[in-house]
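Order as written gives the chain letters A, B, C and D; numbering starts at 1 within each chain.
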Amino acid sequence: MIIQFKTPMNHVIVDDILEQMKKGHHHGVMSDNHLIIYDLDHFDFTDREASVIEHIEATQPRYALSSRKFQPEDTIIETAHNKIGGDNFTIMAGPCSVENEEMIHRLAAEVKAAGATVIRGGAFKPRTSPYDFQGLGVEGLRYLREAADENDLDVITEVMSVEEVETIGEYTDIFQIGARNMQNFDLLKAVGKTNKPVALKRGLAATIDEWLNAAEYIISEGNSKVMLVERGIRSFDSTYTRNILDVGAIAVAKKLSHFPIIVDSSHAAGHADLVAPMAYAGVAAGAQGLLIEVHDHPSQALSDAAQQLTPAQFTKLVAQAKQIHALTENHD
Amino acid sequence: MIIQFKTPMNHVIVDDILEQMKKGHHHGVMSDNHLIIYDLDHFDFTDREASVIEHIEATQPRYALSSRKFQPEDTIIETAHNKIGGDNFTIMAGPCSVENEEMIHRLAAEVKAAGATVIRGGAFKPRTSPYDFQGLGVEGLRYLREAADENDLDVITEVMSVEEVETIGEYTDIFQIGARNMQNFDLLKAVGKTNKPVALKRGLAATIDEWLNAAEYIISEGNSKVMLVERGIRSFDSTYTRNILDVGAIAVAKKLSHFPIIVDSSHAAGHADLVAPMAYAGVAAGAQGLLIEVHDHPSQALSDAAQQLTPAQFTKLVAQAKQIHALTENHD
Amino acid sequence: MIIQFKTPMNHVIVDDILEQMKKGHHHGVMSDNHLIIYDLDHFDFTDREASVIEHIEATQPRYALSSRKFQPEDTIIETAHNKIGGDNFTIMAGPCSVENEEMIHRLAAEVKAAGATVIRGGAFKPRTSPYDFQGLGVEGLRYLREAADENDLDVITEVMSVEEVETIGEYTDIFQIGARNMQNFDLLKAVGKTNKPVALKRGLAATIDEWLNAAEYIISEGNSKVMLVERGIRSFDSTYTRNILDVGAIAVAKKLSHFPIIVDSSHAAGHADLVAPMAYAGVAAGAQGLLIEVHDHPSQALSDAAQQLTPAQFTKLVAQAKQIHALTENHD
Amino acid sequence: MIIQFKTPMNHVIVDDILEQMKKGHHHGVMSDNHLIIYDLDHFDFTDREASVIEHIEATQPRYALSSRKFQPEDTIIETAHNKIGGDNFTIMAGPCSVENEEMIHRLAAEVKAAGATVIRGGAFKPRTSPYDFQGLGVEGLRYLREAADENDLDVITEVMSVEEVETIGEYTDIFQIGARNMQNFDLLKAVGKTNKPVALKRGLAATIDEWLNAAEYIISEGNSKVMLVERGIRSFDSTYTRNILDVGAIAVAKKLSHFPIIVDSSHAAGHADLVAPMAYAGVAAGAQGLLIEVHDHPSQALSDAAQQLTPAQFTKLVAQAKQIHALTENHD
């Protein structure tokens, strides 16, 4: 049950209501002028109590704060250079890994020219094998920050553990939580305690409910600047595509939750020639942004060589994606 | 190896080549002026032999006739009222089942008005349980045919077994092979022996290679009028969508094969409010047509009640899908 | 609702009950002294009606005749050489395909010696590509029958289409329905009209409910001699095993249904060295029989070369499987 | 390439070899008397160099230290009360969560009596929703340790983040890494730096290769006391079982790696009546231990109520599992 109180709140009566719920052993969460009571969908309020209540939603999903029942309007996340969500369309792009100073400066200028307003790049890389390239670490973060500032871009980069949250927070504008860490609950809580935007990738085999509950770990710590990133799920056929982009999940998440939905078609596709059609599909299904890997010499990349676009390919992708987004907007 | 002979073919020399291949125990398939030799990617031709050869593709997939290596240009299927494939965009729509005469006539007019040029409707229905409604049979076919003729529409309907091919062929313009029958090889051969177009749905857990090999069963019998229908694959999360529409597979199939690609977003979605965004996604990924379930009173439908659109919803979907298709075409 | 009438049945009162149900538009199926009424779980019977009723099950699954609610005791299928189901343990073995007369005679003797009482062998083979070896057809059936008779074995072989049911029925003791045909409903009905045992393989991505509903298609036509064959499901990792043997499904199917459960670990494993441990797992989970591919020169087999056991490997497997089965029996 | 040097090692020549590899830019890892060189499968050694080499494996998987190519014999992990691996069979059991002091003491005695030698119990619980019971924390660890000591049992409990490694290490004998954290690489490295045994659960959608590479993160930090826990993978049908126990993966992992394989059939089954048959299947496939949830009042459990066994059910399971293990051992 979600109780929305009239504003300004009558704190005397609201406190009485809270007291009563506690006595009845109902677990409640107060957020602004909303009170969520779990496992309760009816209550006989007195006339005095009812007088301070604006609206009641009888049922709500477990991820109450993340749901449209709690907040019907779209969350719009403001950063230095972007408004993300709502009718906005945000392009985030850059290399899989920050490989050296020169390359990230060059790529920052190129993705900016093509229409990106956020630069991506991995400094701490999650790799299947301990013997694979693990990223440049803090040095990479510094290059990324400088390249972004030089080009008036926001930075998005992955944080892989609680200990790195503070350090990475000094360099990035947006934390990325990777697919493998979608249910690393301590990490979710840690970024939930910051006030920086968080892009939460869906796990390879995570249900939509698990994804939204993971978001709830962040918002329940006080940070409501969450973006949901669909990046493909694992299925039985990976002969031609690395993963299956779940376009239905984009439409569903947009309906159930107020958070912006971003599509990472690079990881879904796994092959450069499929990144564009899968990006278009994601946008047509309702995504409000794209996260695309771009490298000027993909074949020499230290990671994800097969799936990175050249700046020229990326420029074409952005133009088409924007036109599809414009159509989608009109027809909602 | 695919050998393309110069036209007009020099039959004397070609026959010599065929004879030689047979002697070498190479399995070959002749199709027009092409010769496919499996499991062979090099051969030392004499100058005399080489003089009649236009072009050689060293390797080819097992589904040789279905592949772009055999036929680089798009297959375009012509029916009484449609050209399907290439830059054309074809809308097929109608109820899940033909329930009675009146409803199919009414719906035929409505989907025609919205832009459909093919009417769908099940007369023989594949149902999980033997106790569920199995369709009206031949009576349903007759209603469907009359409704189509009255509205200048082509008919598409499902054929479930070899014995029904002839009867259903008397009423339909396009055979539909359902997902459950994608590897019913005798049925594939049977429709391959007709000259009617066949819409081959991808199985729930079929790989792209299996799908194209199933198409090869049809074309290897002589019928090259095949459409590939992506209708969603089975995955681990069916809480909100019935299946996962595999937009990557649309782009892949279009690259590997010359057949038209159609999207059935009704079965992928399973819920009416998701049919449109999933259709848009499919078109944005490159689909050349849509197959959509429409019913004027979805909640009273005898099958698939949850996923059928009203004519009003369908009209809106068609308008948006056409605009996305127009964009896609320009940017290929 | 399943109504079990007292025997001998009082046909006058039972007919009255049937009449009443029809008037109430309740869909009913009569089977021996049981009446199944779908979509009804309560009815106010008069004292007269109640007097002829032995027992009522309020709810039942859609696959009523296949369920333990309808028949609590195990189905035991009797053939010339076997009792299949219950506490019996049945070994079925032989080559993937019948390749020639000599090999099938030799293998029949070898699998018999190792403990098999049913010989398997494909004469009509379902193959992914139309260009792969499709089996010897009727000639293969004849060899198989003769080899079986010579060694006092039953025959199991696959039937792929309605037209072949009669011919194959002349040669085989048990029809096998392959995984790809699990929902070929016309084929299920056709074997349901015979009185020969049917081994129904679970589809690659079929749910347990779909599997049992497929069995219901057979039993609802009058043939209750159904075996359920678990042969592995398709999943995301096929690097080392062809499929995932679903041992949980074995335990579940045995609980929900009265039919014998057979494990085909050859197709689940896909590699000879994994066939035995996966067979043991299936037996430990409760399977009442095994279906194993055996070939004396696996590497030269015309199909499924990688997964066939040599007679020596098979002999060892049978010994161990029998010991595990003996344990399982005692501890049920 | 894995180079095994003769012992005692001739350090002068070995150092020369190392120096040479470095000059050739080959990435090498030295472990005892083995040297692994990645991405190199042939090298022309001089006679002097060859004289100190015992054996060379030309190729090895990326998870070299975890593979049987590096160490052919089984790893046996010794703890205060157990030898885990090899021909030993180890039963680990206890409640999903430590709920209070009294219950864990009672259950420790009960699982000990039934044959368990390790007690499990969650103190820090990974939960899908932030609003679900998150465990008693350190208080729970203390109860668990005391209950184990009182009954001469080892303790296994889950560690969810790097920060908790030290604290939990003070109480537990074995670290458990949960399925959701299988690729939490910082956590893997952290437990790899301790010298306590680690039970690594396979992720819900992790391939066998990813699982073994995750183990490599632990062993490459110096800790070779790794157990691999198969606990079921996510698939398309969760109507009756929570997950699919991948018995093939048990056999495969045992072949590829020298680590002990443990089966957690409680999480695979998700329903108490399926825990035993799935455990038997796992043991029959070659598992060297079981991890089972036991609770004396399952229906009142604070987590995983549906899948916990009563002590009586557990006692029966242990007896049967031991008999199957005894058989398996004889027939390897």
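Note that in this section a residue touches a chain if its C-beta (ideal position, glycine included) is under 8 Å from a C-beta of that chain, and two chains touch if they have at least 3 such contacts.
Computed from a predicted structure; not experimentally measured.
> Expressed in ° and rounded to a multiple of 5, what is the rotation angle of the C-alpha superposition of subunit B on subunit C?
The rotation relating subunit B to subunit C comes to 180 degrees.
> Can you compute the centre-to-centre distance for subunit B and subunit C, using the mean CA position of each chain? Integer Å is fine.
Distance between chain centres, rounded to whole Å: 33 Å.
> Just curious, how far off is subunit B from subunit A if you go by their C-alpha centres, in Å?
Spacing between the chain centres: roughly 37 Å.
> Centroid from C-alpha atoms only, then distance subunit B to subunit D, rounded to Å. What do you get?
Those two chain centres are 48 Å apart.
> Would you pick out the residues of subunit B that each touch at least 2 other chains?
Residue numbers touching two or more other chains: 205, 209, 234-236.
> Graph of touching chains, which shape: line, ring, star, complete, other?
Contact pattern: complete, every chain touching every other.
> What does subunit D use to touch subunit A in their complex?
27, 29, 38, 62-63, 126-131, 160-163, 180-181, 183-187, 189, 203-205, 209-210, 213, 216-217, 220, 234
> Name, in rising order, each residue of subunit C that touches subunit A in their complex.
Per the stated touch rule, the residues are 205, 234-236, 238.
> Note which residues of subunit C are touching subunit D in the complex, please.
It comes out as residues 205, 207-209, 233, 235-237, 239-241, 243-252, 255-256, 268-269, 273-274, 277-278, 280-286, 316, 319-320, 323-324, 327-328, 331.
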